[in-house]
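Consider the two complexes below, in which chain A is the common component and chain B and chain C are the respective partners.
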Partner chain A sequence: MPAFDARCWVAVAAVCVPIPAHATQYLSIEQAQRLLFPQAERFVASPVRLSAELRSRIAAESGVTSRRDEQPVWKAMRGDAALGFLVLDEVIGKHELITYAVALETNGSVRGVEILDYRESRGGEVRDARWRAQFLGKRAGDTLRIDQDIQNLSGATLSSRHITDGVRRILALHKLVLSGR
Partner chain B sequence: MSSKLVVALTAIVCSSPLQLYAQSVEQRIDRLQREIDRLKGEVSALRAPERGSEATSFFGYGEFNYNRFRDSERTSKADLRRFVFGFGHRFNDRLSFNSEVELEHAIASAEDSGEIELEQAYLDYRFSDAINAKGGLFLIPLGILNLTHEPPTYYGVERNEVETRIIPTTWRELGFGVHGLLGTQGLRYDVGVTTGFNAGKLDDPNTGIRSSHQEGAQADARDLSVYGALNYQRPGLLVGGGVFTGNTGQNGQADAALRGVNARLTLWDVHAKYLIAGWDLQALYAKGTLGDADRVNAVTSAAATPFAAPKSMKGWYGQAAYHVYRRGDLDIAPFARVERIDIQQQEDAALGVFQDPNNQERIRTFGVNFYVHPQVVVKADLQRYSTDHTKDRLNFGLGYMF
Partner chain C sequence: MITRARPLLGTLVAIRADVDQAAIERAFAAVERVHRLMSFHSSDSDVARINREAHQRVIPVDPRTFEVLRCAKQLSETTDSAFDIVLPGAGGCHADLILAEDPSVRLRRPMRIDLGGIAKGFAVDEAIASLVASGASRGCVNAGGDLRRFGSPFDAICVRVPGSYHSSIALPSTPHAAFATSSSYFGSRINDVREKRKIRLDWSVTVAAPTCMLADALTKAVALLGPVPSLLRAFGAAAFAVDREGRLYAAGT
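And then the complex of A and B:
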């Protein structure tokens, strides 16, 4: 009796033919800047040093601890007018880092979230625009909790939770530091 | 002054060498300012989070369970049910390795019932979002629980019985697969060729095909299987299904009685999960058939405890949970689940094997998941079995994942 139909192998081989493709990096920082602030003429680096004191204030405000000593931030400018801030951040998905950027309006509400790097083979659904759109307009003080005002993604539980926590932490950073810049 | 004179004077002043000089200095300062901003931006980008590609990660999950049976004849037990750890390694942006090692029941030795097993160990290569190839020992994408089975991700101390007795979670096979996203609307596929079951190893009358799984341990692989799964996801919703099919006779490698017997197994499922307004709703239906069950009876009727081979198996469950209290990391969610199991066996009076009444079962579970952290859960529930009352029990559990 034939143990296995050889035609199946052909089908599997056919879909495996390598095709030209991009790497795990979906967006460079510059691409994310242009995507989130298309009207901006320039981006002025405005990094925030995260002192131990500031870190503990952010943790108290958001319930999330920062691991870095410095948060990369850019101010999006058009002429002399500030359009908002772009904050670059990293969180751990299940066990790999996710690099993402949060764009904030000058009033501190979320203008957009873009995923720059996603390295895990599962859970990549956080790149889905419909999932990221849930953050639009959120501000410091909003709930921003998974399964509450941000819906979960089945199979991407940890990635979606950790990005949500990250955005909450960034909104606290805006409230405590960026709003004064 | 006439307006003509104003225009003339203005023209003279604005074109004076001094004015031109001042303008060009201003322009140069402005240019320099922009250049400095650009450089600062670049420096900041360079100091941005490291975007290196190579990394090794470590993770784990586990659970401690206590089962107290209502029937005093049944032994109530506390158990370190699972202690799982895993390594992942990313060689570069495209190639990665994943593994999970599980220790069941705390001690694995000749005198104890514990086991050490590899739940997953595979390599994954990303061509694109649409095409990823994997090879090694990996989880079969049927059902909800088989792929996502960390204790904080499901309700109840014990895993549901449909995805234990019909879909044999945690179910993994050796093989090769291709998976990825179809388009950008949340549709994911997974197809592949793997080892399959081995009917010659069936030895449990109440778990359908489960006892003939091979788990990548010198698996008889004369007969291979194929699988395919499709899942659609958008925030709050998951709908999907999968199918797995292959012969299980393995040309009699495990039991000569199956030489030349196909004993084809086909198992499929459909499932859905919906989160809305504090509710977690989940349902699943699974069905399987085993061909040549009359021939497989030669194996099962000769088992230590003879039984009739399964010829068809199906089950479904519906589950609802509601988050009654959430504050910060704390989350309390009571739930209820109803399950039906129906495993039909191939009776054979001559061999003295018949249908086991416990293979038609209805299980009702009521309990609560209490999350002290999104990744750490305390569970308690009550289970009622409609057919085999001796399994009625109270369960307590503690689970974690990181």
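And then the complex of A and C:
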């Protein structure tokens, strides 16, 4: 390990800034819908119930396990034509909880991925259902503190590996369920 | 101001600027283009073609790839390979990387390069250039800690205290546009090709530089060499270190 050699550096009086439990909201669900399907006239809610059997088939197909019982899905419609699906998902990293939306064409190809919310924890609470529950249903303007500081945090721990896994899981959901709708 | 984030370059890339959605889309497209050109893993990137064929024939590359390779080669020479894009193993070194202005690349011997330590910073620079071209007067692009911004007023840049979930340190203000931080925050390693090993860093290095490409690459050099004054001067950079107790050190400011 390269040891830190203080002789090469000048000590500077440091201003310690507490890192807040980061919560950055980029988009509401409605904004994500408009952004990913600008031609759509309406979005029809068509959530998918994830039975234990379906979850294990998705896991076999994608190699990624699902934790939730229901997957929020909307069908983007223009007139009578389906333009595709918008699937809302969240991934839980070691230190972060990310809500994101995947837009799929009707044939199942990925049209786009947008991050809706990013929350960084101060420790282990990301895996704690109660901690996550405080964000449920919270959207722009609610009591949730929306913090912009992450914009200026160099050395952030943002990881996208979980999102890549999540998208794979959603593609399996399309193949097994959505392609038939 | 509008802010959007997408998973790109193996991290979350957040773009914020006073522009419309179409301009944000163009900035993300600039990041994606860098990813396509310089990914080590996708088989049709410039980097993959160089690694596959450039020891047998001259490989024409995108001007952007060329710009990054030229900067990387210069940094490898200046830092005596503390920063290096040539992967250890095949016995080649950066001197075996031949760049021609047309632009094209040739390798003197079979070897592999990886732009992972510099392309992310360049992608940030490309997104910033796109925002400026779209008429933005303020903007910030942050690719998982490699960040660059323009248009005052600027908020302080904060750096996480290594090993802490709770604390960050505000850096003193500097005239630099771009910042990048390297540390082993959560088990990551820094590749030292000189010794053919990966090292752990229990303090963090932040480099402030005129471009994010330079900041990104120089963090690795400073992590291994310390804040060599001639190195920082040569690239118009400054360096900061934060130890696990939250003490801040500076060099080249």
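Here, the second predicted complex is superposed on the first by the 118 of 181 C-alpha atoms of A that agree within 3 Å, B and C clash if a C-alpha of one lies under 4 Å from a C-alpha of the other, contacts with A are read in each partner's own complex, and residues count from 1 in each chain.
Basically, a residue touches a chain if its C-beta (ideal position, glycine included) is under 8 Å from a C-beta of that chain, and two chains touch if they have at least 3 such contacts.
In this text, all values refer to a predicted model and were calculated from it rather than measured experimentally.
Chemist: Considering only the touch criterion stated at the top, classify A:E90 as touching first (chain B), second (chain C), both, or neither.
Modeler: Only chain B; A:E90 stays clear of chain C.
Chemist: Scan A:R119 for contacts with chain B and chain C and give back first, second, both or neither.
Modeler: A:R119: touches chain B, not chain C.
Chemist: Could you tell me if A:E70 is touching chain B, chain C, both of them or neither one (first, second, both, neither)?
Modeler: So A:E70 only meets chain B here.
Chemist: First (chain B), second (chain C), both or neither: which does A:T99 touch?
Modeler: first
Chemist: Is A:I29 touching the first partner chain B, the second partner chain C, both, or neither of them?
Modeler: first
Chemist: Pick one for A:A45: touches chain B only (first), chain C only (second), both, or neither.
Modeler: It touches chain B, and chain C stays clear.
Chemist: More residues of chain A in touch with chain C or with chain B?
Modeler: Touching more residues of chain A than the other partner does is B.
Chemist: Find the residues of chain A that appear in the contact set with chain B and again in the contact set with chain C.
Modeler: Touching chain B and chain C on chain A: residues 1, 4, 8-9, 12, 15-16, 18-19, 24, 94-95, 121-122, 148, 150-155, 157-158, 161.
Chemist: Would you mind writing out the residues of chain C in touch with chain A in their complex?
Modeler: Result: residues 3-8, 10-12, 14, 16, 21, 140, 142, 144-147, 155-161, 164-170, 172, 179-181, 183, 185-186, 199-204, 206, 223-224, 226-227, 240-243, 246-251, 253 of chain C touch chain A.
Chemist: Hey, which residues of chain B end up touching chain A in the complex?
Modeler: 34, 37-38, 40-41, 43-45, 47-49, 51, 53, 55, 57-59, 88, 90, 93-94, 96, 98, 124, 126-129, 131-134, 144, 147-148, 153, 176, 178-179, 181, 184-186, 188, 191-193, 222-224, 226, 231, 233-236, 238, 246-247, 251, 260, 262, 273, 275, 278, 280, 323, 326, 328-329, 331, 374-375
Chemist: In the complex formed with chain C, which residues of chain A make contact?
Modeler: 1-2, 4-6, 8-19, 24, 26-27, 35, 94-95, 98, 100, 113-115, 118, 121-123, 148-161, 163-164
Chemist: Would you tell me which residues of chain A are touching chain B in their complex?
Modeler: 1, 3-4, 8-9, 12, 15-16, 18-19, 21-25, 29-30, 42-45, 47, 63, 68, 70, 72, 74, 77, 88-90, 94-97, 99, 117, 119-122, 124-125, 128-131, 134, 145-148, 150-155, 157-158, 161
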